[in-house]
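When the chains are written out, they are named A, B and C in that same order, and each has its own residue count from 1.
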Amino acid sequence: MDFSDINFSLLIASLIVAATPILLAALGELITEKSGVLNLGVEGMMIFGAISGFIVTIETKNPWLGFLCSCVGGMLLASIFAVVTQIFRANQVASGLALTLFGLGLSALLGQSYTGIKPVAFPDMHIPILADIPIIGIILFQHDFIVYFSIFAVIFVYFLFRNSHFGLIIKAIGENHDSAHALGYKVILIRFFTILIGGAFAGLGGGYLSLVRVPQWTEGMTAGAGWIALALVVFASWQPFRLLIGAYIFGGITLLQLNLQALGLEINVALLSMSPYLVTIGVLVFMSARRNKNSLEAPRSLGKTFFGL
Amino acid sequence: MPNKNIILKIEGISKEYPTVKANDYVSLDLEYGKIQALLGENGAGKSTLVKIVYGLVKPDHGKMYLNGVEYRPKGPQDARSKGVGMVFQHFSLFDALTVFENIALGLDKNLKKNELKKRILDVSKEYGLSISLDKIVGNLSAGERQRIEIIRCLLLNPKIMIMDEPTSVLTPGEVSDLFSVLKKLSNAGMSILYISHKLEEIRTLCTKATIMRRGQVVKKCDPQNISTSKIAEEMVGTSFSSPKKSKFKKGKECLKINNLSFKPLDPFGIPIRNLNLKIHHGEILGIGGVAGNGQEEFLSLLSGELKPTNGSLLFDGIDITKFNVVERRNKGLLTAPEERLGHAAVPVMTLTENCLITAEHRMNLSKKGFIDYESSKKLSDEIIKKLDVRTSGSDALARSLSGGNLQKFVIGRELIQNPKIFIVNQPTWGVDAAAASSIRQQILDLAKDGAAVIVISQDLDELLEISDVFCALVGGQLSSPENTSELNPSKLGMLISNSKE
Amino acid sequence: MLKIEPRKNHSNFLEVSAPVIAVFLTMIFGGFLFLSMGKNPFEAIKLIFWDPIMSPTFSEYSRPQLVIKAAPLILIALGLSFGFRANIWNIGAEGQYIMGALISGSIGLALYPLDSMVIFPLMILGGIIGGVLWAMIPAILKIRFNTNEILVSLMLVYVAEQILALASVGFLRNPEGLGFPGSRDLSKYPSAANPELIANSGIHMGVIFSIIAVIVLTYFLIYHRLGFQIKLLGQAPKASKFSGVNSNYIIIFCLGLSGGLAGVAGMFELTGPAGLINIDFNVGYGFTAIIVAFLGRLHPIGILFAGLLMSLTYVGGELAQFMLNIPAAAIQVFQGMLLFFLLSTDLLVSYKISLNLSNLKTKKLKPFKK
């Protein structure tokens, strides 16, 4: 019952690990939302990615292949959403909910015989020299590939929307799909693409959860992480670096909560377990209260169905 | 056969939509370095035709030739690469992006930032189109937005430029600037297809005109050698009586607006600043001005949809500032907003249901909260009959009506409730001439019966025709009222040109 | 090229037949799912959709179960449908269901073993209040701060689950339960119990309540001003403001209605079929009800049938699990599929889809071989 039991550089390093699944999922959703599509199925894509990656890793003993397949799994589910919302023009909110319900069911079905198994460990990549720096080395440079990848992905997405022509087109479609269509951009095609990318990231996030973060398979193991990722996008005001910060803060809260539980403090376990969700609500309220002053941040066509001119 | 002077030849283009034949065997020739007018009423099929030329719409039949070679654009990008550019009336700029980003989006090649900047500045200097690249487009005036569109189009070095109703959102000063640019371009060899329904500007600008009506070409002529009334006749087809205005009898004061101000939450909204106004029974007040100067906000402040940040409203001596929409309506203040589908009416509801939107309380269409659909249907039938709305009946969905007929219904819904004051925004926008004339007559009749009417419109001719008093709404501010009888078009132009920059 | 154009008027025929088409498509794709699991698809479909009602062996057990499972689904979906029509997305009915059960359960347990006629009505009231209060959190946050109700209502499900866990092992635990989690069995406490009213019919007070709710809400949706205003707000928010609809009032009403109905569903479940408060009290009715609401095309009468159908997939699913060893998760997949097909067929109702062959010809595509 002593805080000094916790090693702080290790704590921060594991905070980064704890945050990575949500960070990846949220980053994918950010790209999707930038193009004006609201996919509420993140939770479903995540958990399906988790089981896809897990099964492949168990069967092939190759976590790399596992991560690849968790991406593919997420994309597979996202493609259903893309077809339903972009070709059949169904309501995005309802379709996203359907995707979550479907993903939860499908993953439970596939994962039946995989509970309680441990996957092959995914090795950390100690970056030469840098990893030996005291404190900072432990915090930043002794992680696995996916953690580095997630950080590079944030930087990549930042530059995608800041400097690239393609990023500009995605932004334009998200701002006003009618104008983009009038200029000859393929609204549906590009949205299809961003939805798939969103799915790949969500799947990868899920895979990281089942292969590294936990690492094993339990039914419903995402436990709302996909929804929290959605909230995180709002928190970050659709900006990649804010997303990174938000995810790490959130990872910190989750971890602190778990550590406090482990320490067996006189705080009730149930109260601690609900804290991430309460914090999310608090963050949402804070952001939306602020947003009234500056509503420029959300893509203006977000969630609206494009019917063509 | 190929005429060397003709750059674009359109032959027998047809396009049919489920409800209407938009283009019926349309043919048209565009010559090198000429400004060719495409004239017609709303719904005549002009927009469909240019969308076909720009590759946005695929024709059902017919062919096009560009420089004698068959031209079949796969899409706007293809059209642009072949030298066809277009300046849109609506829907092609992105409010939240910067001027530079907007221009970059209209180009198909991915140029280096600095190179593109330099080219933009070159073009803007050459044609006197001044813009600043880092501004957010949502904050710009209509004239500035159009300059962006033109520059974006010119950067592609088009041989043909299509302009769809370019002056409808401009002040007179901006219009003459635009015309000098267009003349410069045509002198430099560019061919321009100029779409309009305004006869005067066609006469000053074009030497050839093609007139369309109900999807067909009805006449080709030289607008310089034909009278305006003759062109108008060709556009409209049948003749109809123009509205008759009776002598204006000023009654007692109806609505007094004191220091009305409003600060919008939307970053691109228009603030309303210290409006003061008096209107009397029997009076028609015309409020002119180009789009985006606070017209919608003004109407919503009067209807009660928006709450003012400051100021008060006195209606027949009662302070109604704190009244909500329903309370104001019950007092006899009725309104008809500009946007028909989605604001004044719900597209996927029947006319009977649409009747309920504003008439439920005033016409007793409900009892103790329960709706009486029988009475609502009766009222809807009555409106259809009174205003001669062409529809299959009260059970038709609002979206199945044509623009003109839905507008008649929406205005009729308010008129049948005997308003004490009626405020309408753009009563005849997008409406064919016959329907427009009948709507104007209804408004005149309403005032004759003693109601006060505020007509907000961008059509200055309309305001001159029906209003007794005129104000200009510019940048959310109202000019002092003038008697319409003492005004002429150039004075009007000055009043509405006092534009925000 | 597919051409999609708005219909001039809604097709009433398709309005009714779209869900039927969706159900058939789900059966076909579900059949493939079962086939891929090595099960006989025809047998599985028959077990799920036919045997619970018609089989002499199973129907005696299944028919009452059908009614028991349909009641909460219908109650919750009814409430949700009003909000969905107005674009107010309460997806946290599961949480409101839990809170309704917790509050009513607390009342019942606090009065144990008192014998009184007022206890049961008091608990119904408690169920409603619990659900409404839980739903008021997203409602008020939405009105006051424009916070997204989807995320807030969902987060509150997880919070409610934690409170449920807290209650089952803590303040509501049965003092005579030898330390096991879970409360006293309320179905064995006469003043609080919600027993079967007709033997072997499955009909309990909650079933009666949901039938009444269907009738009242149908009338309300069609004829009451609020029903009209809800449709107005959903279809054209600007027009609803122009009409004078107070959207805050609608938000409160819709979330309150769905919360209250979910809460009372939780109460009937607790005092009847479930009996006691325990960690695994909630079984996902709040989420399945979302599918029910859409399957019923957001109309009370449609929801009545949809609730029965969805209940059939549960009961039949159990049967399939028992007979063919098809896991319960497969039924969840099945339900998710149904929702997708449903949303996709929606397009048929308001849009006309035609295959434009002339366009293909101009592209000079080779004709498909048949």
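By our rule, a contact is a pair of C-beta atoms (placed from the backbone, for glycine too) under 8 Å apart; a residue touches a chain by one contact, two chains touch by 3 or more.
Quick caveat: nothing in here was measured; it's all calculated off a predicted structure.
> Specify the chain most distant from chain C by Cα centroid.
Comparing chain centres, B lies farthest from chain C.
> For the interfaces A-B and B-C, which has the higher count of C-beta pairs in contact?
It is B-C, judged by the count of C-beta pairs in contact.
> So how far apart, in whole Å, are chain A and chain C when each is placed at the average of its C-alpha atoms?
Chain centres of chain A and chain C, defined by C-alpha means, are spaced 28 Å apart.
> Quick one: chain A and chain B, Cα centre-to-centre, how many Å?
45
> So what's the Cα centroid distance for chain B and chain C, whole Å?
46
> At least two other chains touched by the same residue of chain C: list those residues.
There are none in chain C.
> Send over the residues of chain A in touch with two or more other chains.
Those would be 292.
> In the complex formed with chain B, which residues of chain A make contact?
Touching chain B from chain A are residues 165, 168-169, 171-172, 175-176, 178-180, 182-185, 292, 294-296, 300, 309.
> Going by the contact rule set out above, which residues of chain B touch chain C in the complex?
17-19, 58, 60, 303-305, 324-326, 329, 335, 337, 339, 342-349, 353, 356-358, 360, 366, 369-371, 373, 395-397, 399-400
> Which bits of chain B are touching chain A when the two form their complex?
51, 55-56, 75-80, 88, 91-97, 101, 104-106, 110, 265-267
> Provide the residue numbers of chain C that touch chain B in the complex, in ascending order.
By the definition above, chain C touches chain B via 5-6, 8-10, 223-226, 228, 231-232, 235-236, 238-239, 241-244, 246, 350, 352, 358-359.
> Can you list the residues on chain A that touch chain C in the complex?
Against chain C, chain A makes touches at 40, 80, 83-84, 87-91, 93-95, 97-99, 101-106, 108-109, 112, 219, 223-224, 227, 230-231, 234, 268, 270-271, 273-274, 277-278, 280-281, 284-285, 288-289, 291-292, 307-308.
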